[in-house]
Structures are given as C-alpha cells and as structure tokens.
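Next up: some structures, all given as structure tokens.
Both complexes shown next keep chain A, but they swap its partner, so chain B is in the first and chain C is in the second.
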Partner chain A sequence: MKIGYYPGCTLKTKAKNLEDAAIKSMAALGYEMVELDRWNCCGAVYSLADDDLVHFLAPVRDLIRAHDQGFDKVVTLCSMCYNTLARANLLMRDDEVKRDALNDFMEEENDYKGEVEVVHLLNFIRDEIGWDKLRDAVKVPLEGLNFAPYYGCTLTRPEEVGIDSPKDPVVFQAFIEAIGGNIVDFPASQTCCGSYQIISNPEAAKATTLEILTSASDAKADALVLSCPLCEYNIGRRQDEIIKGNDKLENLPTFYFTQLLAIALGLPIEDLKLELNTNSTKAFLEQKGLPALA
Partner chain B sequence: MSDTAVVTEEVQEVKAEMVPVYIMGKRYDVPNSLTIMKAMEYAGYQYIRGAGCRGGVCGACATVYRLPGDYHIRVGLACQTVVEPNMYLTQIPFFPANRAVYDWENIKGEAEEVFQAYPELFRCLACNACTKVCPMDVPVMDYVAAIKRGDLEKAAELSFDCIQCGLCATRCMAEMAQYHIAQMVRRINGKFIAPHSEHCHKQVEAIKSGYYTDKIKEVMELGTVDPFDDSTKTDKIDKLIELYKARETEPHTAVEDWKPESDFALLK
Partner chain C sequence: MPVILSDRTIDLDFIRKLEDISGQPLKTCMQCGTCAAVCPMDESTDMTPRKLIHLAQLGLHDAVMNSNMAWICASCHTCEVRCPRGIDIPKLMEALRLLILRKNENFIEPFEISDEAFEELPQIAMVSAFRKHTA
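Right after this comes the complex of A and B.
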C-alpha cells in the first residue's frame, strides 16, 4: 500500500538515519512511503502571532501538494514538521477568514481547506497496522533493553494536534513494548530539549538537556528514543559537551524510533545509517550484538 | 530601376496598426507587431545597457509590465515579447545582487558550502513571488526548497533554464539573489554530481598531447581570405574552402549514439 510522505529538510541530510530506517521498515511491513513530488521546508515552527499569515504559506503549500497528488493522508516523521503541518492544517480547516486570505494569496495553487490528514508515523503504525500486527512482524525482539521514550514538546502539544494525550501519552510506550523493549518511565519525558534556544541561549538549552539526561539515567534507561532531529542535536550530538566534567552522568545512547523499528524487523545494519548517530549509540549496539540478523 | 513594383493606392494603404504603450509612464504609439525592445527603439530610446543577445537567452532585457484592469505583475524579455495595447512597462536592466566569494579549488561539493556562502537561503518563506516573476518559467521557489534540503542535483535540474535576468531577486522578500545561488549549485553539480563526459576529457588530453598541432598548422598555413577582396583568393584558399566543406559535423537529425567517422574526434 502506498502512503503519502512528507520528509522535511533535515531528514534529507543530518537526519537521514531517521528517514532511511523508516522507509525500509515500512516497506518490510508492506507500505511504500511515497515522497511528495514537490515540497518545501515547512518552516519548522508554527507561528503563534495572530496576524502572521506569511509563515503559513510554506506548510499550507506542502498540504496542497499532498492533496494535489491525491493523498488523503500525509505521514511525517519529524516532530517539528508534524507539529507545524498539523497545526497549519487545523487553521485551514477551522479559520475561514485566514483560509480565504491564504488561498487568495496563493492564487497559483488549488484552493485548500484542510482535506488532507497529517499523521505522525507512530500513530500510523498504531491505527493502520496495530500493535499486535507489529509485534507479529518483529523478528528480533529488543528484549532486556530499557528504552526511555522521549516525546519532547511538539509530538503531544498543543492537545488539538497531539499524537496522544499531552498529560498521559502512551503511544511511544506501546511502540517500545511491541518491538519487545522494556519501557522506562522518566519524569523528563516531555521536558523541552531547549530547541532553537541552542542558538540564542545555549546555556538554557544545556540546562534543560542536562535535566533530561539526568532524569533518564536515574530511571536506569539504556537509551533514549526520539522522533525529532532537533532533539537529537541537543540531546545526542551535543551530549559530550553537556556531560563533560559531570562525574554522575555517563553517555546515554540516542536512537530514532525508526531505527529501533528497523532493528526489530531484522533489517540490515546499513538501513540504520548509524554513521549519523553518536559514538555511544554505535558502541551500545555493538555491545548488544545488534542488529542481530545483519 | 525598371523592375521596381508599381506603387498602387492599394499598396500604400497597407500600414501597421499602431497601439499605445506606456514606457515608464509616457505614451508612445508603436506598430503592434514590434517587440518591446523594437518598440522602445521606435519610440526613440537608444540601448546602451539592457540589451544583449536579442535572442531571448542572455537575460539583459528583463521587463515588467501591467495591463489595464489587472493587478498582476507581468514579465517578459523585451527582445521576445510583442507589445500589447496599453501596457505600462519598464525594463529592469540591472538589480543589485551580491555574489558570494568562495574558493572553487577547495570546494568539496557539499550542500553545507552553499549554506555558508548564502545563509539567506533559510529566510525563504515559500511566498513564490520569485517563480511568478520568472520570464523563463523556472520554478524558483522549488529549486530554493531543494537547495535548503541539500538536493543540489534536483536544484541544478530545476534551475537549468535560468538566464540570470535577476527578476527573482527584485521580488524576494527574503532578499536573496536566487540566481547566483543556483549558479553555484549548478557549478557544483557539474563538477561533483553530474556524470562527466569521458570523451571530452579524452579530447582535451589529445589536444594537450599535440595530436592536432600539425593538422592545425597545416590549416593555418593555407592563409586567410578577405571575402571582399578577390585578390586574396589563392589556390591554397580553395583548399581551405574544400577542407571546410568536407568537415564532418553531427547532422541535425543524428541518432543519440551518433559517432563521427573521422579520427579527428578520437572517439572510436
């Protein structure tokens, strides 16, 4: 079965490991992720200013492309893209005045009123495949490994686009359970990673990342599981710098959820694009003898 | 001369229909069959800048215009676009656009290098004004989007028809000079991404090795000819003309795998 797929820019470069593992895994599960023929950067941030329509052009254009290509759903992997597209879509559905203004401005495009549904891959697996079927498809259950599901901000907030309840989300845990891993509940599961503050206020970003790493380590996590390249940048790539001089913390591996899915489905190691992961993540897999079937 | 056509009343009556055009706001009546460029010359403007090839490929004569009762900005190359009644037009022969300086010998062909040379790329909001104003129908917004996600090959392909007229840069709310960025991308594509044409490299090597030196000398010794001075025509020149006529060129209808027969091209 074919599914419309919006990658987002980072997944084509620095987070190719998030994308490749997803495409290969979904193919193994019988779904072809069809990248939109035309797409542009979604903007990566949903503008909160009430009169700032220009920032909606980019995400709405992407939704128009999906609609023009005949998809009633468009699947995304990156938390930021998901959030931006899903919220722009709600605006086009619910706000008649802004919708008309945007359609009028983009007169070279077909009119759009929110016909497409924006779906995060975790929810696609939950709703279209189901946890039982996923469990059946797993060839290498990740038994005995303790995974801390990190939602961050944009997967669950605001509530109207959350992939699950913002107060008590369970979809990530259900995913980890289905691929055979142990779920680590940790208090900072939805604490912001610092996001773009890493540019304007790096100390603040560092502080919040430290809190996440401490919280997951205290809960005895073997690894963090993510769905966002920006979270990965803050928590993964910058981890050495953050824990430097901190003798209470050791490196904590960071995976994209799609990479764990690929490992569990028995896909070869090259599908993981591990060269883009941190050294401690690679070392962790090696130590555990994963991917097992490679 | 006696064979000149007789000028009858009928012939005298055939006249070009005149249409009003407004060049920078001033009305001129010009023949309706003229291009904008010819119309401007008809109206008395003399081109010093803003005209180049007059063939629609050099990008020097970008023109913007509007028609009555229509808010759209229209564009065209002055040398290619025929006048329309009541058009309000001006040419934009030049628009300031910064071109980044980079060390081509040390470029590795990575998207990051384009990002560093032109960080303003990331100010694009996908308003699409660039695409709408492109006289060559280049999907400018889409190639900018492709560059932003590091797909330089796609961007090179999408921007291939660009003639660097600069109209995209005049309309960009992110203040980019898109066409300079695309040029850097196409250069990277040519050097690092697109397949290299091996026969071209071979040919260059053959030239360097001196394979053609004697042959070129031979031709040059045949001398030169002034087409207006019969006294410069010698036997040697006849030989030159003969050689020129006998030269092998790719036929217009050549099949894709056409190869020359002569060893001049060293392709066998």
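Right after this comes the complex of A and C.
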C-alpha cells in the first residue's frame, strides 16, 4: 500500500538515519512511503502571531501538494514538521477568513481547505497497522533493554495537534512495548530540550538538556528514543559537552524510534545509517550484539 | 526592585498591541503561577512568565521589554497546555518578540554563526532560530 510522505529538510541530510530506517521498515511492513513531489521546507515552527499570514504559505503549499497528488493522508517523521504541518492544516480547516486570504494569495495553486490529514508515523503504526500486528512482525524483540521514550514538545503540544494526550501520552510506550523493549517512565519525557535556543541562548538549552539526561539516567534508562532531529542534536550530538565534568552522568545512547523499529524487524545494519548516531549509541548496539540478523 | 506605576510608566497602547498581535486577553490571567512552575527555562530567565504577564497587564512597557523571558522561551507550549485560564502564553511571548523584530532589529545575527556550527546544526535548528529571532 502506498502512503504519502513528507520528509522535511533535515531528514535528507543530518537525520537521514531517521528517514532511511523508516522507509525500509515500512516497506518490510508492506507500505511504500511515497515522497511528495515538489515538497518545500515547512518553516519548522508555526507562526504564533494572529496578524501573520505569510509564514503559513510554506506549510500550506506542502499540504496542497499532498492533496493534488491524490493523498488523503500525509505521513511525517520529524516532530517539528509534524507540528507545523498539522497546525497549518487545522488553520485551513477551521479559519475561514485566513483560509480564503491564503488561497487567494496562492492564485496559481488549487484551493485547499484542510482535506488532507497530517499523521505522525507513530500514530500511523498505531491506527493503521496496530500494535498486535507490529508485535507479530517483530523478528528480533528488543528484550531486556530499557528504553526511555522522549516526546519532547512538538509531538504532544498544543493539544489540538498532539499525537496523544499532552498530559499523559502512551503511544511511544506502546510502540516500545510492541517491539519487545522495556519501557522506562521518566519525569522529563516531555520537558523541552531547549530547541533552537541552542543557537540563540546555548547555556539555557544545555541546562534543560542536562535535566532530561539526569532524569532518564536516574530512571535507569539504557537509551533514549526520539523522533525529532533537533532533540537528537541537543541531547545526543551535544551530550559529551553537557555531561563533561559531571561524575554522576555517563553517556546515554540516543536512537530514533524508526531505527529501533528496523532492528526489531530484523533489517540489515546499513538501513540504520548508524554513522549519523553518537559513538555511545553505536557502542551500545555492538555490546548488545544488535542488529542481530545483520 | 520596586514597580513604579505612573503615567510615565504605564503604556496603554502597549497592552492593546500585545493583545492584538497575540490574540490573548491579558486580563484573563489570574496570576496563579502554574506557568512559572512548569517553565523548563526557569533557570535561565530573569523573571517567570507569571510576573511578565503581571507587568504587561499593568502596561509597564519598559519593564516587560527589558526582560529576557520572551527571548529564552522556546515555544514549548508546556505553560499553554497547563494554563487553567486557557491563555496561549507562547503567543504572548511571540508578540513581545515581534514588537522588536518588526522594527528590523535582530536578536541573533545569522552571519555570526561559525562555519563549524553551520556544518553541524540540523536545518530545523537554523530555520526555527531565524524565524523566531531575526527580523
């Protein structure tokens, strides 16, 4: 079965490991992820000003592409793209005045009124495949490994686009359970990693990332599971710098959820694009003898 | 620091602009402090969202605009999902940033980011930082 897929900029380079593992895993589950033709950057953040319309053009154009190409759903992997596209879609569905202004402005495009549904892959798996079927498809259950699901901000907030309840989400835990891993609940699973403040106010970003690492480590996590390339950058790529000089913290491996899915489905190691992961993540897999069927 | 309320410190037009850009009625806030309790950036800001909103309710333009709160806010929406009065606080923070950015003043300068950082940073980090912090 074919599904419309919006990758976003980062997944084509720095987070190719998030994308490749997803495409290969979904193929193994019987779904072809068809990349939208002529997609553009979604803008990464949703405009929060009431009098700003111009920043909705980018995400709405992507939604128009999906609709024009015959998809009733568009699947995303990156949490920030998911959030931006899903919120822009709600605007086009619910705000008649802004919808008309945007459609008029994009005269060359077909009119759009929120017909496409924006779906994050975790919810696609939950709703279209189901946890039982996923469990049956698993060849290498990740038994005995303790995974801390890190939602961050944009998967669950604001509530109207959350892939699950912003106060008590369970979808990530259900995913980990279905691929055979142990779930580690930790208080900072929805604490902001600092996001783009790593550029503007790096010390503020590092302080909140340290809190996340401490919380996951106190909860005895073996690894963090993520869905956002910016979270991965802040928590994974910058980790050495953050824990330097802190005797209580050791390196914590960071995986994209799609990589764990690929391992559990028994896909070959090259599908994981592990060269883009941190050294401690690679070392962790090696120590556990994963991927087992490589 | 004492808060001085006088016709020289109170700016009613500032309240109107903030409410117009954000779409959020400032008077709705009852100062419960839930936003202050959940803000993940509390270690780095010079005041809590609660206090910032209180100063804004009073129309204290300079006190509000001198705070770093809106610039440290990462729009994580934790306060928004918890606010018992339904105020979209990230929208207020965005409005405060826009009052500066719309005067063509940047908070960060893209050209000052090092080549090494450009090489390493994910695209979404740069796009979002430029969207939030440049004119």
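Heads up, the rule we're going with is that the second predicted complex is superposed on the first by the 294 of 294 C-alpha atoms of A that agree within 3 Å, B and C clash if a C-alpha of one lies under 4 Å from a C-alpha of the other, contacts with A are read in each partner's own complex, and residues count from 1 in each chain.
In this section, a contact is a pair of C-beta atoms (placed from the backbone, for glycine too) under 8 Å apart; a residue touches a chain by one contact, two chains touch by 3 or more.
Keep in mind the model is a prediction, meaning the values are calculated, not measured.
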Examine A:246 and indicate which partner it touches, taking first as chain B and second as chain C; both and neither are also allowed. neither
After the superposition on A, what does A:167 contact: first (chain B), second (chain C), both or neither? second
Between chain C and chain B, which one touches more residues of chain A when both complexes sit on the common chain A? C
First (chain B), second (chain C), both or neither touched by A:40: first
Which superposed partner A:158 touches (first chain B, second chain C, both, neither): second
State whether A:211 touches chain B only (first), chain C only (second), both chains, or neither. second
Between chain B and chain C, whom does A:279 touch in the aligned arrangement: first, second, both, or neither? neither
In the superposed arrangement, which partner chain does A:110 touch: chain B (first), chain C (second), both, or neither? neither
Touching partner for A:55 - first (chain B), second (chain C), both, neither: both
Would you tell me the residues on chain A in contact with chain B in one complex that are also in contact with chain C in the other? 8-9, 13, 41, 43, 55
Could you please specify the touching residues of chain A with respect to chain C in the complex? 8-10, 13-15, 41, 43-45, 47-52, 55, 78, 80-81, 153, 157-159, 166-167, 190-192, 194-201, 203-205, 207-208, 211, 229-230, 232-233, 237
Chain B partner, complex, touching residues on chain A are 7-9, 12-13, 38-41, 43, 54-55, 57-58, 61, 106, 108
Quick one: in the complex, what on chain B touches chain A? 111, 124-128, 131-132, 141-142, 144-145, 148-151, 173
Show which residues of chain C lie in contact with chain A when the two form their complex. 20-23, 40-41, 43-45, 71-72, 74-78, 80-81, 88, 90-91, 93-95, 98, 107-108, 113, 117, 120-129, 131-133
